[in-house]
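In what follows, structures are represented as structure tokens.
First chain A sits with chain B, and in the next complex the same chain sits with chain C.
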Partner chain A sequence: MNRNQVIKIGLVFAAPLIIYFLIFFIYPIYLLFKYSFTSASGAFSFINFENMIRDPILYDSLINTLYYFIGSVAVQFSAGFIAAVILNSYTGRLKNAFRSILYIPLTISPIVIALMWLIIFNPTYGPVDYMLDMNLNWLGSMNLAMPTIILANAWEYIPFVFLIIYAGLQSVPKQYYEAASIDGMSRFQTFRYITLPSIRPIMIIAFLLNSIGILQGFTLVYVLTNGGPGFSTYILSFYIYKVAFTYFNLNYASALSLLFLVIIGIYVYAILKLSSVEKYLGIKK
Partner chain B sequence: MKKLDAFLLILLIIFSFFALFPIYWTVITALKVNSEIFTIPPVFFPTKITFSNFYTPGTTFGEVSQTAFGSFPWLINSTIIALASSLIGTFVIGAPAAYALTRYLKNVWFARLILFMMMIPEAAFIIPFYVIITKLNMINTWWGLILVYISFTAPLSTWLLMGFFSDIPKSVEEAASIDGLSAFSTFYKIALPMVIPGIMVSIILNFINAWNEFIYALVLTYTPFPTGAQTVPLYLTDFIVIEKSFAWGGLAAAGVIVMLPSIILGIYAQKYLVKGWTMGAVKE
Partner chain C sequence: MDNGGSEGIMSEVIVENVTKKFGNFVALDNVNLTIKPKEFFVLLGPSGSGKTTLLRLIAGLEDITEGSIYIGGKKVNDVPPKDRNVAMVFQNYALYPHFNVFDNIALTLKVRGYSKDAIKSRVSEIAKILHIEDILNKKPRELSGGQQQRVALARALVREPSVFLLDEPLSNLDAKLRVEARSFLRSLQKEVGVTTVFVTHDQSEAMALATTIAVLDKGIIKQVGDPYELYTKPKDIFTAGFIGSPAMNMIPGKLVKDGSSWRFVSEDFSVQLINTEFENEYDVILGIRPEHITLVKDDGINAKINNVEPMGAVTYLDIQVGSVELTVQYTGLIKLEAGMEIKVKFVEEKMLFYDRKTEKLLNV
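Let's look at the complex of A and B:
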């Protein structure tokens, strides 16, 4: 087969994806641009972007998104990493059972998690306040609402980081450890100079996929706090929804959506450039 | 070694406690009688078990009522929409595209495109999808949600299956082409059967994601089956809003019904998950 033929056959196989992509990705982005540059009267205008600059709720949402993002990444990545290292070092028989148990939360719908948290963190009848012997209004307080959301969200996604890193740890060749023990390396040295470098690519992949998942967050805020108290849990995705479907300002919401896409685009681009994640994933040689 | 293992075991039990406690609490709340739900101190081990939170004779079918039984019409919608979007995403779009990308169009930009499609935040697309589905006259219909859900099932399938296809030795397909099979027969008769584990994971993961999806369903549907396409997460939302402070038993029971299928499917698929997510970068 010559090169042209190869590409032709490839395009036929990929045709459903390409057609779907044009209608449900390219066209939506075109629509976002179109609405973003339309004023309330329907004329071409920059008014939506000018309004962004003077929008205090947008500033709140951006700061909250940053808080939520950094808090979530820190909690999820460190807890997932620690759990993976612990399970990997454990040599008992229950290894696979623990792996399954620690993975379960990941399969549960965010809406069910919201429901669990409403019951568990209830200040009057909930078990958490009782066990801690405190009477905290977790979701109704300015300072605690966001940490509670971060916690509830972490409960679901720690298993994601855990599973990937655990698989990475399991795939480090045994010979490396044998060589290390022949060289007389201590447990810590082995971890620092053998294990960590071996799983670096996998840690970066886990980090990338995990942080993207975190930016998707919406459900917990919608159900648990509805953005409140005040604007303390407004994150960007929730604000877009509010502007579009509560205030029915599709044009301004489109401009906010574009902003969201640009932020995520820059973030992903930076990670791809700074790390060699594409090489690890086999995208680039 | 023994000592270390004992210590690690304790840590693992603590982690497992945190992972399981919310599930345990939801399940026992669903099985408790009301007098053991609303008490101080809370009851950790219920003395009486009841199924009346799931079904009590006389409860209305298809309405948000005090028991979980009303969720049935929403469950029908969820099942059909999740199945269809998962199967279409896997067989019609994902598998052929992944095959094309690993065998024919080995282009960095195509792979990046898939990555990009997976990373798009749902919230940024609710407006265009709302506009498109309105134009297609598919608001509050199965097809409306199915078409939109393919936006995450198709890229995930493609991504997962690329890792599985690239594991097939090229010699297998070369032999097939020497035997005179066309490119399409080779794909359907040789390559596809070799990635059945990947296909299964793709179907299951897509099903779970579609089953759990919330924001698109919130924006694109507004009534349950048979008049509309509202899915079961929206039933729970209504339940939470209406019954927040009264029917915890029924609320928890509904939660159990929603989480059960995804937990079972998830455990079944876990063996292949990591390989899929990391496109084969990690082999277990």
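Let's look at the complex of A and C:
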């Protein structure tokens, strides 16, 4: 076979993936750009981006997204990390049981989880108010709605962080711990000098995936508060949905999506740079 | 190196009736050893004989199935590794991949509370000795096998432990560096005076380094002794065959009483023994080292030369005596060729007879 034939046969085998990729990735992204730069009359225009500057709801959504994002990352990452470390050092009989329990939320559909929280925080018959013997109307309160969403979101995604970091901890070769014990390290020193540096790359990956997952969060807001009360739980993803499917302004929604894409891109790039994770992943020497 | 005030020095290691099982597999079978303070003790055995396992038991990295281990007079069965104050070079080095060479060596001092200056001077001192000053800033994965091994050695030697445990620490060095490292290790050990347990499968390395050698085979200690003893009076066939290079010649035969004296009778020849006495007639294996077979003009065993290997200081001859091939070591160079007929004689005082059933040495 000559070179051309090899390439042709290769293309035939790769074709399904290439076609899939073109239809489901490249084309939508092309449309996203196209709509973003289209005015209501259908002409090429920057009007959608100009409108952003004068959009108070966008402004609120960005602030809310920041609040929701920082709260969620802080809770989910630290809780997932701590759970992984504790379970990794726990050697009792219930280890597998605990691990399985921690996996459960990952197996439930997000919409079901959202509905479950809706029931739990229901002001009339929800168990939370009943047990606390209060009438707080969690989801209807300007101050409590967002923390409640953060809490519900954490329940869903702590296991995700846990899973990745736990796998990382399990994959640290035993011999490093043996060398550390010979070197005279205490438990804490071993954690600091062996465990942490060993799982650093995986922690960064977990952090990134967790961040992106959180930013894409939508279901909880949609089911629990529908953005309310007022605009207090409008986060960017929810606002984009509203613009597209309630106001039917697809062009503006596309522009907002593009903004969202840029924000996520900058964020991911910054984390990768700051953590110099490329070094660990062998992307760069 | 400075070793003032170190508590660990002079530690004796006693291994008492130690058995180690992995599941049903017996890796070590009732091992008894006394490793005297300051001794350079070599554990010698083929791959899979249990050397690493024994070392890990002394370090505390494995639980003892039966028996006890004492370090410096203290029973350490339940003492965790970090409190045993042993230093160890792992067979696969186990360097910390995320730290550079300097930190790999320094970490053990840091966690023991040494000052920054003390750490720096000790690390650079040991780095100089092991020729790794130039790579202190590199990560382990950037190093060759030999360099990694030297870093592992440095990490162990930078401390003042009660016992050094070295698991084949020279196996990956090239020939020249290995000889250098041997003499360095030997003199360092003498100077510091730390009890050292050195594992190797290389008998010449064992002979070169050891004050005492323990020969291990399939989890059983075959013999313990100084290199001289082990070379001249190996107590069983395994040790006899394992120690010495080229290996000892082994010739199956019988010991037969012949009037008032004894004869060794093999299929192809027989040898009159003048000064050696036995209790019974035995089926035996005669062990004779290559340097204890001499060439003679007349009155010898007929042999044919298969191969001549002149080494300079000595010449090795492969000779055929009936159905057995023997190696002869001739001191100096000699003009001989394959195919020539010669006569040889065995040095009687050096002939070792092993009972074929028990595989034990019969000479006393």
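Assume the second predicted complex is superposed on the first by the 253 of 285 C-alpha atoms of A that agree within 3 Å, B and C clash if a C-alpha of one lies under 4 Å from a C-alpha of the other, contacts with A are read in each partner's own complex, and residues count from 1 in each chain.
Just so we're on the same page, a contact is a pair of C-beta atoms (placed from the backbone, for glycine too) under 8 Å apart; a residue touches a chain by one contact, two chains touch by 3 or more.
Quick caveat: nothing in here was measured; it's all calculated off a predicted structure.
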item: Clash or fit (per the criteria above) of chain B with chain C on chain A; value: fit
item: Chain B versus chain C as contact partner of A:176, first or second or both or neither; value: second
item: Which of chain B and chain C A:110 touches, first, second, both or neither; value: first
item: Chain B versus chain C as contact partner of A:200, first or second or both or neither; value: second
item: Chain B versus chain C as contact partner of A:184, first or second or both or neither; value: second
item: First, second, both or neither for A:270, with chain B first and chain C second; value: neither
item: Contacts of A:236 with chain B and chain C, given as first, second, both or neither; value: first
item: Partner chain in contact with A:70 - chain B first, chain C second, else both or neither; value: neither
item: Partner chain in contact with A:10 - chain B first, chain C second, else both or neither; value: first
item: Where the C-alpha centre of chain A sits as vertex, the angle toward chain B and chain C in the overlay (nearest 10 degrees); value: 90
item: Between chain B and chain C, more extensive residue contact with chain A; value: B
item: Nearest-approach distance, in Å, of chain C Cα atoms to those of chain B in the combined model; value: 12
item: Set intersection of chain A contacts, chain C complex versus chain B complex; value: none
item: Interfacial residue positions of chain A with respect to chain B in the complex; value: 6-7, 9-17, 20-21, 23-25, 27-29, 31-32, 35, 83, 86-87, 89-92, 94, 98-120, 124-127, 130, 155, 159, 163-164, 167-168, 170-171, 201-202, 205, 209, 212, 215-216, 218-219, 222-223, 236-238, 240-241, 244-245, 250, 253-254, 257-258, 260-261, 264, 268, 278, 280-284
item: Of chain B, residues touching chain A in the complex; value: 1, 4-5, 8-9, 11-12, 15-16, 18-20, 22-23, 25-26, 29, 37-42, 44, 92-94, 96-97, 99-101, 103-105, 108, 110-113, 115-132, 147-148, 150-151, 154, 158, 163, 166, 183, 187, 208, 211-212, 214-215, 218-219, 233, 236-237, 240, 244, 248, 251-252, 254-255, 258-259, 262-263, 265-267, 270, 273-275, 277-284
item: Footprint of chain C on chain A - complex, ascending; value: 175-176, 178-179, 181-186, 189, 193-194, 197-198, 200
item: Complex interface listing, chain C residues touching chain A; value: 59-61, 80-82, 85-88, 90, 92, 94-99, 107-108, 111-112, 155
